[in-house]
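First up is the structure itself, then whatever we jot down about it.
A, B, C and D are the chain letters, set down in written order, and residue numbers restart from 1 in every chain.
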């Protein structure tokens, strides 16, 4: 019997990772196809799994699977999701719970009929709610905090789905942008602080409505931007039209600032702020904070490109693609034995000696998390002949983990939580290292008064974070794919 | 784009169908592999889907899929189901709910940890329990009655898993042979009337225990028969040994008599009665009840073989394989346009003119349900040149649907519930038609005092059957495979 | 990384194995669907791979794949094989060359257009022809002898496809029943000695023609039997009608006698002889040759059933199904460690202690090849309590390998070529052992004058067999599935 | 039955397309894994199919499949391709012949053993050679011109594989960069004019050799660049070392100039010329040829990026990413009914109104082929609010189809072959349109004296092109995937 070769997993790259993207469609004869296109545009928010639930004649239809949108959905699957309303979800590949059970949207049958929900975010009191619910007799099929929401929903009372959902959500604390589907309604909700984005659009051809995590999805769905769903707002769309509710006590807006630095697609506009422009402004500010005697500015593609362009513009240094990215990489690759330590990076990025040889390079990347990938990239650029490497991070030092829906390492693994800038510079092998300052970041996104969550840079957590696990371990039954 | 041809589904054959087979293993280093072999031997009880859940170091592992055991499980899947205890389940392909969600074993997380259950049978009060549970806030992921059991389990109290399971089962009414798995225990339960079979065996090599729907599974698992689980008995197997409990009030034993006629494998012994011998005795009795002037006895293979052998033995007529069965048929086949009405039968059975031409034939089949297939078979045999066809059914007329775990048509579709034997004889085109009598059936299985459920022949239902649906329709969200 | 469990291969059973089945259809709007049904009925002749080639508007369309007919062909594949003529092929799973390349029908483009052929049989001079062709510049894509035929075809001249095919076949020696397809013609050929069967039928609905290895395929295709293709006959079917040619010098008919004993389906009639009746007659003769004091006759299912019935009839002993076969076995199964030596047999067959305990059993199987399986079966029956086991083989001792299209072990592995009947009886653990005699076999099939090849029993080879490989090894490039 | 939705095929984009990439490895214990990595890096040269053939102990092993490298090869497939030498091939998805049969490397058995070849390029006399070969009795399994080469090889004589291959190639005319594998040798050949690239590298760890279409593959395989294989050179690598032969009469070097404009990866260096630098120089030249009063330079990503950067540098205009590319698109997508005419482009590209609104834009793309995509992109940019759009093509007008290995439309579909620049400008809806001139292109690649094929821009074909098909149509038997 052949011994299969070891397979490397791509998701091991050293970034914070968004956990989800969501879409909703109401009032279009090809609702599931539009949801599919919306997920296609939001694919950067999650590549682990994808799912769509549609509603047709009082019945919900679902399809979910592991993999990218184009792998999970073919024309046959879309044809089996009839109806004029649908929601969709893409999920990021976290190491542990990457199993079919954990795909979204979640869907259930309960005393009021059928209900489905797609969730972007993370609840901070999910563990204690789950404990309480289990004590009351609830049974759980997944380890997703989203399942807590549907259990609460099944236990509250209210005159309509919106009231019930409000009553359930009043018990949870955390980050959530939700799209929900009942037999007759599409509901969008954003948590009171608005950690994660959610936008409302109007379909140009049918006049129906769509919801999506980012505006870039509206463009492909054929919808025009109406407005952002406000923090704490619930939008209920039915054949009777669109209704806005404010079920929660007011709380300050705390939109995730990292969306602008890395997660969101550059062509999206979130809470009125254009992502690409933020990234270019970050480059301008970096040039002021960290001027360097250098021959060229080189981005780490793709996430460092806009900031590097901004730096080049502001500094007058030439902008060069000294690193070329291979866009054909799959989720895994097969590595031969005894390759160098930077091999994983090499599969994605190739350094150009013809550009870099003998040059002083300003190298711009979006962030430094564990520092491991940064060290490999510096080594790669150095091997290609660069004489000096001045590494700039277009975000401040990442010193705190996220509890609001972003996959981050523990604090102990965050290099900037443990080491000084000088130490990090030495550890990644650069000639100099510069970070964006927190103030400069606020300036680039338009001022602190806008209200952002920057806990990963500041350790200023807007909501109490869960106490470390009290010993009660979740033992989800593990189902194979 | 090519238009796919229409595909015929095999499951459309005209038999009653068993709904499930179950196995359990405790105390063997290759528990999931043994469970797989047990399901292999029980494959005749269900070909729609298969699943195994194993327990290893306090954690449950699951794999379930659509299709036969050999399709769902390869060596890779078995290797991913570690541990020394496991349960398994095969399910029959019913027309409607043939979806991935409805595969078993069911598994959940709840306040006492993890729990998994495989169920053979059917609850008669599932709908009302489900309604009550939903009112109390329960959410449902499937339309299986088994899900009601786990919801009840999560709401009762008790000192151990066995006590809690007893408390839950006291609320349900119906037929159930269950195998259950917790992190540390294998539990087998048979409902108070013992509608469906369940046997206990002991592994020859490891000394561990197994449970299975039929003894034929023991043989392949390498276990020797210990005894039948008694109606109303709960058997709890742990590292502390094996314990028997009697949690329910005594009720008369009412084992399903159809298991002996058709469902069970002929080499199984259920509640002390050898299936093959029953079928041969039925043949003997048929020969007394319905002697015929004929040239040969021909079985409809495979289910009519043993009874036909018995008839031949008792009558002295030659036994001939006038119908040959193709054992390589898959679950579906592609039929050209304009084939005759008996084409579906022809794909499975071929009549031999060299044997049948000009002959008077006693044709023995296990039962006549709707009558459609019987008519096709008679036509097939007639086309091959048989001069006279005397059709004998090795069961009494089927006049009532089953509510205890067998898939049967509505009463309106049961030909014997609507028509006299003379009418049926004419409808299926036979020269004469004879049924086994109910008394003779009792005699063949060893006497009425044994306690059987024969409601499908007698309309004598041991447990109240559910009132016709009160208008509240189950609308399960439909997930594609 | 999980270590997959070892997988056992079913094809390891101890029988001679037929290598192929072929069908052809001309003149039906759903030709590929009929070819599919024909292969369905011939599935017993080969389960490794299946393929169909159809002709439509002067163009050939092909689909071939590994696995059974129902796995390789769905409605989509059939829909992509348009046209009113088609040929099909099923192939037996040999251990070595089980690769996609070796699937049939073979199809090529050459100077006269397109040509496709399905082959049942084996050429004895393939190696030397291949050597000569390679010297002349031919390139080979497979290790099938059939590829030699198409190379010869491309090099000969002739006025039409039939003449060219005749010219090519005059150079080959061996066993072949061929179905061939050109853009406009269906051609069937049987080698001069007619080693392998081939029958002609007429479609009842369209009036078109079909060819098939056995008559059982005609029944399912909706065709009536016209006649056997004669040894040495070529049948050419086109829109101009059907033409018969006799391109070869006359040679005595030498139809494979093992077809009647084991390969063919019992309901087939080959060269005018009904297979099932032969098997029953063999049972009668066995009873005369080997009368036994016994309590019952038990067949090894399914191949021993008819002969056992014949033995029971002639001897007056009861016929009992002491071994039950599991018809749900897939091509492989996963075996736990440390199972007994007869485990492989146990997966397919279960012995019934309730029938066998304390009994003297006449056990009838079709043949004894290596003896390994026979020993396991005897052990199985003994373990179930049989007091005496009298093993009868419904064929004579197999003393020679086949070179004409049957997969057999080397002579060194044929137990009867190396050991006396007494020794074999001891080796398989039986109380007595009896073989059919060669004379009795001839009698059962209707007399020697019919002309059979019985080389595997007599070492009388009608055609010179290839000299042992002269050291030149075929090194086919191995392509993964 | 559900009607599947129509699926759009991505390959319909309006570019010339390279037909293949090749790699070869000799002298490394993980040769097939290195070949896999090489193909990974060459994935941009073909996404239709991928294949690897390895040689181990005198035997070749092959695996080929439809799809991208990461889809066709997993660790299991690589493990089944043992040996220290291997070749690999990726193929572009052309509309018609996208079938499993046409995957490469081709491999055969012939009188000298086994032989495998991967081919990048196109033969101009393949049809007439095939006709001649068929007359001589050759049979063809594919419609690839590469099959002609192996037929010739099987018919010539010579003292070793190199001599035979030379003798075969002397009969062909056209473009070919070949990697060939025998049981003991890796051979690389480049046609006398060197139309397609081929480079030689040395493995850093094992000292073995590699061949590849582009240098970017060397980097990932862990090899250092040795030199380009010269036009007309044959390199034979065996355990005896590396040998260079010049089997062909000298001919002027005519490397494909389009490799530099579009096909090759920017980080590759081909025949000593760095692709990225050529593209930037083209941008510089474009700025001199076509100065525009504008607010920004916007590339059509990814192929227009480097030229746009060059234009921005030379012109002093800001460089902006006004179009954002979605890199997660699969090979197909499902389009709802009634989407606008530019929908196909929208799935890949999104225009940023926040950047483009009210602006005068210089839009840089690599070429204009049919003009259809260019019109859609102009429309997209205009819809995002651009005030003026000045379209610049970084190649000269494409006026002639390619016969040397590039997939191009017929001349009748080449917009520049039919229309003036003014007409094209109007047809694509731009405010102005500028092409690179042929002279400027020569300047950018380093001067005409280098020797390029620019027939698609100049109609100056270095080799006679095939006369239009003489009515003899190739009717390949079509095998389904």
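Operating definition for what follows: a contact is a pair of C-beta atoms (placed from the backbone, for glycine too) under 8 Å apart; a residue touches a chain by one contact, two chains touch by 3 or more.
Model, not experiment: these values are computed from the prediction.
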Count of contact steps on the shortest path from chain B to chain C: 1
Classification of the chain A:chain D interface as same or different, half of numbers criterion: same
Most distant chain from chain A by Cα centroid: C
Length of the line joining the C-alpha centres of chain C and chain D, rounded to whole Å: 48
Inter-centroid spacing, chain C versus chain A (mean Cα positions, whole Å): 60
Distance between the centres, which are taken as Cα means, of chain D and chain A, whole angstrom: 35
Two or more partner chains touched - positions in chain A: 4, 6, 80
Chain C residues within the chain D interface of the complex: 53, 58-64, 77, 80, 107-111, 113-114, 116, 131, 134-141, 143, 150-151, 154-155, 183, 474-480
Chain C partner contacts - residues on chain B that touch it in the complex: 2-7, 30, 33-34, 36-37, 40-41, 43-44, 47, 68-71, 73-76, 78-80, 205, 216, 219-220, 222, 265-267, 269, 274, 276-277, 302, 305-306, 309, 313, 318-321, 324, 326-340, 346-347, 350-352, 354-355
